[in-house]
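Let me give you the structure first, and then I'll get to my questions.
In this document, chain identifiers A, B, C and D correspond to the written order of the chains, with residue numbering beginning at 1 in each.
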Amino acid sequence: MSNKIPVGILGATGIVGQRFIQMLERHPWFEVSWLAASDRSEGRPYAEAARWRLKTAIPAAVANMKVSPAQPAGAPKIIFAALDAAIAGELEPRFAAAGHAVISNSSALRMQSDVPLVIPEVNGDHIRLIEKQPWRTQSGGYVVTNPNCSTIGLVLALAPLHRTFGLEAVMAITMQAVSGAGYPGVASLDILGNVVPYIAKEEEKMEEETQKLLGTLNGSRVDPAPFAMSAQCNRVAVEDGHTESIALQLKKKASAEEIIAAWHDFHPEPQQLRLPSAPPQPVIYLTAIDRPQPRFDVDLGAGMSTAVGRLRKCNILDWKFTILSHNTIRGAAGAALLNAELLKAKGYLA
Amino acid sequence: MSNKIPVGILGATGIVGQRFIQMLERHPWFEVSWLAASDRSEGRPYAEAARWRLKTAIPAAVANMKVSPAQPAGAPKIIFAALDAAIAGELEPRFAAAGHAVISNSSALRMQSDVPLVIPEVNGDHIRLIEKQPWRTQSGGYVVTNPNCSTIGLVLALAPLHRTFGLEAVMAITMQAVSGAGYPGVASLDILGNVVPYIAKEEEKMEEETQKLLGTLNGSRVDPAPFAMSAQCNRVAVEDGHTESIALQLKKKASAEEIIAAWHDFHPEPQQLRLPSAPPQPVIYLTAIDRPQPRFDVDLGAGMSTAVGRLRKCNILDWKFTILSHNTIRGAAGAALLNAELLKAKGYLA
Amino acid sequence: MSNKIPVGILGATGIVGQRFIQMLERHPWFEVSWLAASDRSEGRPYAEAARWRLKTAIPAAVANMKVSPAQPAGAPKIIFAALDAAIAGELEPRFAAAGHAVISNSSALRMQSDVPLVIPEVNGDHIRLIEKQPWRTQSGGYVVTNPNCSTIGLVLALAPLHRTFGLEAVMAITMQAVSGAGYPGVASLDILGNVVPYIAKEEEKMEEETQKLLGTLNGSRVDPAPFAMSAQCNRVAVEDGHTESIALQLKKKASAEEIIAAWHDFHPEPQQLRLPSAPPQPVIYLTAIDRPQPRFDVDLGAGMSTAVGRLRKCNILDWKFTILSHNTIRGAAGAALLNAELLKAKGYLA
Amino acid sequence: MSNKIPVGILGATGIVGQRFIQMLERHPWFEVSWLAASDRSEGRPYAEAARWRLKTAIPAAVANMKVSPAQPAGAPKIIFAALDAAIAGELEPRFAAAGHAVISNSSALRMQSDVPLVIPEVNGDHIRLIEKQPWRTQSGGYVVTNPNCSTIGLVLALAPLHRTFGLEAVMAITMQAVSGAGYPGVASLDILGNVVPYIAKEEEKMEEETQKLLGTLNGSRVDPAPFAMSAQCNRVAVEDGHTESIALQLKKKASAEEIIAAWHDFHPEPQQLRLPSAPPQPVIYLTAIDRPQPRFDVDLGAGMSTAVGRLRKCNILDWKFTILSHNTIRGAAGAALLNAELLKAKGYLA
């Protein structure tokens, strides 16, 4: 029998739940032992309950696993949560109160002051907020979250610049893939040959999450980073991969070479610790004039790296560039998984 | 026999040339009497020479017209030019020198100091630059240009704000349709399920053309408008219609209501003159939260209006909004046609 | 006040309901006076209740119309029904029993022996089946149906061949547009860059409906046409327009010229009667080697004609060709509307 | 230094040339030592000369390789040819005459009576035709070809049925990916939201190649298989993967179970020999009702298997089903590579 750590997945049938299962198939530390989804799926074998939308096959170990009720009883200690925000707001606290480590991809609790919002390469120290959660004291349980799929790729590219030069202002315009909306998600009649210049609540999430992620842990809360942040979010007819046109202002003047070096030399804790899902290079600068592009670059670093390209001067802020990040790997399941790996490395999953 | 004014089309077989033919089919003032294209097409009936890519049929009057050599001899006085920049730089001056009124959609001469770059709703007065052209004195000929397809929709939306409140800074991120690259243009392998974050020379054109269009005629040249302008250009899998995410800073503070009123009340000279191709409302503000979208809004004002939506506060500059404009109608053939109508109204085609 | 005939729409908020409203906006005989949809929409103004997905604006006369409960009380005599099959099977008989003329686009009752399945150009005489319906005797009400969106374009092309040469066997392979599945319908994750070789119940519908449509009225029932019919249905990433690759065997040998002439000369009753929605030419043969194509040809005859092309010899059956038909105009709302026009012309709406 | 067999690629910069390079990167027997392309590319490093369109990076060993002139001098003994038919017709005989083993993906010589057209799983014995080629006698050189990308997946599915039950008639309707047309190939304006029901010469190729592949070697020629074959070819907006709707008639009656068993048990020579590029299972039957689909199934067997699904009765011929095959792997580069492996196994590359 395996001596891997058993983990459960809340919301296992959705697109992000499927990515969790796919990414955990050969994980060296964790293995899926419990799956939960909506009432409709309860009691059915996973392969029947889920409308599997990934290119690799459903792992054999999971295909016949029965979908459990979405309740703490019987669930393993570690729970990956891929729930809609409304349900997450209710279920995640319940699991934390019951002593579970809830590693959540949902937006429900991200901005709650005692809930860490974490990208391991960026602000792993924020994990200590866990200790401020009442659940932690009472049952040992807690909630850790990762950011929105459009935020995370951006913040990976911003972090080395913020550390090295300081950020004054960041403007991000996104062209987001349809998989970011889940399944069935975006209707084909809405997006074939079209651009939709609106994604509900997305701009607000990007703006506030970016500032929390790059903010400073201050006792029982995070002081948001004080730079100005403005987002405009668009949906395009791409399957996977959020592309973003960025403009930003730095505190300290920097040359293009210095900026590219900051990205290239970005080798933070998860890479030093060689966490299993940490990409060797979290930010990859591409020199071709027309890259990154979703078709070619979305899987860089097994979907865990942010690709950056087209660094050039801006006439309003200092610099412009393009980023690309895989929205259901680095932007969702992979983000939570890397959080779990960091938690384990730091002794929070003992 | 018709007593309409005969016009010729240089570059008649391309996508923009086709739009000229389509838009001139029932024009009250002009009628196509001459078509020229590359050597390969010369002498062939138009319907054979062109790979017609529009949804309406080739006008009967044009289908059997023989394609002429691209030389002034035999061409009518008024020439619409839809040539690639490299060829335009050579042919347009030759036609102007031979006494033709060259109404050009090409980028070749747009930024030349004595060549007017005109949007009739915005800077019709710049037409007077014609008088500074040596061709005008020598042969009566001249060149008038319209801006790039990604510039024109934006400047229509900017003009009323610039007049009313003054512009300080404008940031534009585009998501451009494939028809903007002509035919065959963008390979399907490059754009299906993809975003390409680069269009050669497009950002430079948007930045300098916007400032010339909103600049001030000063004797024999135009002083560019002094606001900062920054563009980032992306190609998306849309057939027709450039969508742009805009952020801008105004000189004079304005409320959302005042800005929308400025767009709504924008009723400049072409509309007052009721020029045949002038849309009743050049800028249309849409109140639905997720508009404009190419699928639904690209044909507003018969493709000659700019659709605007999602006006909201920006955390860096003052305001953010989305615009959409038809890139081969308002952004190309329709732009030149409206220029021709303005020229006629002002007596330059007599 | 208008002296047009008031009509109601059951299922007014869906894609087909929207097409009804669009096509009835300027109809010379009918005008929309009543709209019904699901309980959720009841009592709300139409413009709020419907997620309008068409390119033209919601007609002003309809935008503020309140959505009524889906019950006969208060509904006008003539009802266009655009309901899902499950609901149609329950509601349509109820309206017919209450004395309404139900002109239905649903599949629920199409194959019922006393319900006419009609394409006015093909089998207008089948309308007489109405007299066999018990509702007709009891209340004057009745149900008339039109075929499935993938059947109707095909049968328009088959009918003149069947009349002139006789059909022995017909094989149809479809490439169907996403709008055929309604809204939200096909998820973008299912169809972007993909082909789905399955549409539930579609092949069965095509096979049995084709034989009923080309069958012979025999007292109180229709004897299905005795030729063999086989369909394979695929979904592709097209917005509007079902393309079909056809192969068929004729009873009487025919040349390509004779077949094309049969299509060209097809000028049946609706065209002779000049019914308002009857296209001047129901079947249009295109000679270009690579047509018909949805992008260019879907709107032929205002979306009411079937486009045919590529007639050539088949090594197994006699002939092969390609057809294209607009699936929500000729294939749904326009089909029902033309049925209503025929009913009126024949005195069934008096 | 490597003791692998050096191979050259003619037409190395195109889409199929790129696939050759990608598939040969880690090949156990062969390694790329020579690349040739058009004059324009000659002398330039490959990474500069090719517009690389695959998702994996250009292999380091190839990136800096200089592109050679397309002449036999200096080329290795074994040549993979990925040339346009017109050029292939001239160059391939020249290389064969100079003693090279030309393993060609081009259509130029496929139907020549002394040139084997081979799918190793289907008709490996046809390789003996090589001995009838004049080049073979004179210089030791020869040409072996693989079929068209739309033929090969189909014939893999047909072969076990032909062997077991005999084929009477086969009707194939294709929905082909854009990569089949090379790069730039299909213009995005031609295929976005569209179906193109015509691919030049494709139907003829499918019909005659299928009969040659399933034909019988008879001395110095192949007697084509005597069943009737009819193809209709369509282009759809899919990147990779040709989907085909098939109907066929068998000589010997068979049940669905027997047909599926014939596919499942198909384990021909390349699989028995464990040729490196032979997929473990050449034909994979999928039981899900809506499969195969390009999005999910195109990479089965590393792109070398044909996926089959939806086997069901046909009202005209006996059976209907859907197939899917990767058009640039199994349909082009992988086909030639497997031919080379078979040639080596049979001693033709010594």
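As a convention for this text, contacts are C-beta pairs under 8 Å (C-beta built on N, C-alpha and C of every residue); 3 or more make two chains touch, one makes a residue touch a chain.
None of these values were measured; they are calculated from a predicted model.
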Selected interface, B-C versus A-C, where C-beta contact pairs are more numerous | A-C
Compare the CA centroid of chain A with every other chain's and tell me the farthest one.
-> C
Note: chain C sits from chain A at a C-alpha centroid distance in Å of 47
In whole angstrom, the CA-centroid distance of chain A from chain B equals 42
Could you grab the centroid distance between chain B and chain C? Build each centroid from C-alpha atoms only and quote it in angstrom.
-> 41
Which positions in chain D touch two or more other chains at once?
-> 190, 192-193, 237-239, 295
Of all residues in chain B, those that touch chain C in their complex | 55, 192-193, 295-296, 299
Quick one: in the complex, what on chain D touches chain B?
-> 15, 53, 178-179, 183-193, 237-239
Can you list the residues on chain A that touch chain B in the complex?
-> 169-171, 173, 175, 190, 193-198, 207, 228-230, 232, 234, 236-239, 243, 245, 247, 289-295, 309-310, 314-317, 320, 322
